[in-house]
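Look at the two complexes coming up: chain A is in both, with chain B in one and chain C in the other.
Let's turn to the complex of A and B:
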């Protein structure tokens, strides 16, 4: 089967010091040293797949997408999209791809929604007689028909996001990159977009989507396969079902306790594979999710909690979710 | 895409798509007629009044001069009046061309930088069009949009200040005008890629080009007055050369021709050379800039 995307040892280092003709003055919050955003990524996405990329903030998801969209060069390693090398052959790739990212502010405020989408379609050479009816159809599908002749600057951020999605689909790409496409959308709009993406990939041959998301449910429901990425490295690639099955031998326990002074001893307890902590109720409750290799570890966890003088409010054993897979690999939850 | 589109079609549609924003979008709000069409008349008026005052004084001196015969006096007064008319015409023409210069500085040179901040640049760079189509579309749209404004200023200026032109060689006039525009916007296209490379530092360059160079380019007076060295330096800015040639064609008798920079033919030749030079440089610098930005991660803004 042909590969839509293939990377070999793909590495990207951002080194602020090496910028051309720039006085070296770190911008706000910019790390002083080089940042390795991608670290030897080997990935294969097949033609016709809806592939998900799941990882915490700063994991390197957007960096990977930018390289695949020919907007950023790799520091080392190789990447191929539709069989072409992103470094040597960007133009044939560009005719076959499109990209939409969440929270994008593209377009011109003075143009209408329709005009804006039309303008972007022209950069792909879509004839107006093809583009215009298609834009209208998509405006209906995404519930933006009412806003077709509104100037873009009056659109809400969710409406803008729908417009951006239409921009991505109207050029009929073979490979579509979606970087957190449902970011900030309401439940209904998110559902419409998810369903449209799934039908688009599955209802026709030769369409591939690479999607990043922070929503576990989205990844679980939509994706044929998922890669879990952290600190620029791919930790696992599999179907959501198989990923969850990996944890079948493990047990998941959820606890709610009074805040603990120190959670580090929990990590050392025999039988604990990994755990995540989030505080809730304004810091009055600590939620812990444990992935246990041995169920017997529960008693050690409870005695550690009690030893620190904390109370247990809630304890529950559950089936592993994708979230738990993530916690077991990354050591924190995505929320 | 399912059906392949020829690269020529992609690029022609891209140029039109990008130009559309400026042709349609920019004229959508009628307030431009006042701010960009009529407001420039104020700046023009200042110079017009100064030149008219000088003219009135010169004529008064001529009237009072006892050494002149009546016929000599009449001829001298007529010449002075023609020169004042030419100076006023100079200013109106200069004020009109200013619109193009400002458009090149603030809507061409700094445009890619804006686009990056707005989040459009990455979408442009990701598209299969040639980067020159992007800049070409911006330029065509800018030329159209600015021409509408410039014609408004010109017509209003000619009407308000009563300037009379002499249309000696309309074809040459058209040739010079279009060569000036292409050279100007070619310069803007070249600057656009440099701005992208230098980011915010480039604002200083625009400020420099707006004021001092603006003054030295003779928008409101014949540039030769500043001396041959400045005149020569300023003629790198296509507006200075073009303006000089346009004035020669419209006010041929001005001060006996002593303030002209070069001959019209030579000026047109230089302008055409500048067109080629700037367009080639634009292409090279854009290609270089794109590779560099892709290597350094500067094609997209950080907060995306």
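Let's turn to the complex of A and C:
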């Protein structure tokens, strides 16, 4: 089967020196030196696949998409999209792809919604006979019909995002890159988009989608295959079902306890494969999710909690979810 | 159509369309029309005030000189608008509209796209120039003559002058792929330089020797010289210190337009490459 996307040892290092460059999500204590956003990524996405990229903030998802979209050059390694090298042959790639990135509000405020989409369709040379009805259809599908003749500057950010989704589909790309497409959208709009994307890929031949997301449910429900990425490295690539099966032998326990002074001893307990912690209720409750190789480790966990003078409010054993797969590999939860 | 030509054509056409929407769509059409007329007339009044002040202080009262200055300033509208308009395209798309990444990854020629956007600026400027000249003729005793036989020369000089400006503008735009702040200064400074050294406000001949030398090295000097020779009546011609027949000057303009065209393509490719390498194509600067 032909490959829509292929990367070989793809690496991207960012120079952190430039002060005037405002980073996406500056975090305190970020290293002052260069940042390795992608570190030897080998990935193969087949034609016709709905492929998901799952990883925490800063994992390198957007960086990978930018390289594949010809917006960014790799530092080393190779990447091919539709068989063309992103470094040497960006132009033929551009005729076959499109990209939509969620959570941003791009668009020409002085144009109407329809004009904005129309103009981009013309950049791709979509004939007007095709573009006009298609734009109308998509405006209906994404619930933007009412706003078709509104200036973009009066659209809400969610509406702008829907407009950008339409911009992505109207050019009928072979490969569509969606960077967190449902970020910040309401439940209904997210559902519409998910369904549309799935039908778009599965209802016709030769359409490939690479999607990044923070939503486990989205990744689990939508994707044919998933890559789990952390710190610029691909940790696993498989179908959601197979990823979950990897944990079949393991058990998942969820605990809610009073905040602990120190969670590091939990890691050392025999039988604990990995765990994640999130605090809730303004820091009054600590939620712990454990992936256990041996169920007996539960008693050691409980004694450690009690030893630190904390109380257990809740304990629950569950089937492994994709979230648990993620926790077992990355050591933190996504939510 | 040949695919390459069709790509450049659609890049140009839709960029020009977009540019026009941005220029004209910010208010109601009636207001836009009024604004387009008032703005150049207001600038013309500033010139009149300047001239009156000069006449008062320096006791210069020379209609030929006023014509010289007025026509020069009217045509200078092209310079600022074209240069700044071309330079701004990248920064606007990248930071105001945040569309640059989507435009950039579409199968257009981004270079041609910039030129298309710039063309709108030239058209808008042309309108302002016409209003300014018309106002001058109607109310300020500006006299213009343009023989039909001179029209081809006038148009050729105009096109080459604009091409040179667009070339310089694209060079600046290309630089702004990498940095916004410093280029902004350049884009404001360069028209000022031209204003001083290209014989817009005063004839080259009254400048010191070194400045005259600079002026002669700048291609726009010849565009303004040709234009004035063609549109001002014989009795209003003043000695600007530039000798040479118009065709030679036109040749010089052609060479400079070609040089800046080549330079702009080179700069564009190079800066685009550096920006793609550094990850700055879709940066947002705090500037």
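Convention: the second predicted complex is superposed on the first by the 319 of 335 C-alpha atoms of A that agree within 3 Å, B and C clash if a C-alpha of one lies under 4 Å from a C-alpha of the other, contacts with A are read in each partner's own complex, and residues count from 1 in each chain.
Here is the rule we use: a contact is a pair of C-beta atoms (placed from the backbone, for glycine too) under 8 Å apart; a residue touches a chain by one contact, two chains touch by 3 or more.
Because the structure is a prediction, the values reported are computed rather than measured.
Chemist: Taking chain A as the common reference for superposition, should the pair chain B and chain C be classed as clashing or as fitting?
Modeler: Clash.
Chemist: Going by the contact rule set out at the top, does A:126 touch chain B (first), chain C (second), both, or neither?
Modeler: first
Chemist: Could you look at A:73 and tell me whether it touches chain B, chain C, both or neither (first, second, both, neither)?
Modeler: It touches chain B and chain C both.
Chemist: Applying the document's definition of touch, where does A:111 land relative to chain B and chain C: first, second, both, or neither?
Modeler: After superposition on chain A, A:111 lies in contact with both partners, chain B and chain C.
Chemist: Which of the two partners, first being chain B and second being chain C, lies in contact with A:94: first, second, both, or neither?
Modeler: both
Chemist: Once the shared chain is lined up, is A:173 touching chain B (first), chain C (second), both, or neither of them?
Modeler: In the superposition, A:173 touches chain B alone.
Chemist: Same chain A residues contacting chain B and chain C, which ones?
Modeler: The overlap between the chain B and chain C interfaces on chain A comprises residues 14, 18, 20-21, 66, 69-73, 91, 94-95, 97-99, 101, 104-108, 110-111, 115, 119-120, 122-125, 167, 171.
Chemist: For chain A, which residues are in contact with chain B within the complex?
Modeler: Interface residues on the chain A side: 14, 18-21, 27, 62, 66, 69-73, 91, 94-99, 101, 103-108, 110-111, 115, 118-127, 167, 171-174.
Chemist: Which residues of chain A touch chain C once you look at their complex with the stated criterion?
Modeler: On the chain A side, the touching residues are 14-15, 18, 20-22, 66, 69-73, 91, 94-95, 97-99, 101, 104-111, 115, 119-120, 122-125, 164, 167, 171.
Chemist: Would you tell me which residues of chain C are touching chain A in their complex?
Modeler: Touch list, chain C to chain A: 6-7, 10-11, 13-14, 17-18, 21-22, 25-26, 97-99, 101-108, 179, 181, 273, 276-287.
Chemist: For the complex, which residues does chain B have touching chain A?
Modeler: 1-2, 4-6, 9-11, 13-14, 16-18, 20-21, 24-26, 28-29, 118-120, 122-129, 134, 197-198, 291-292, 294-300, 302, 304
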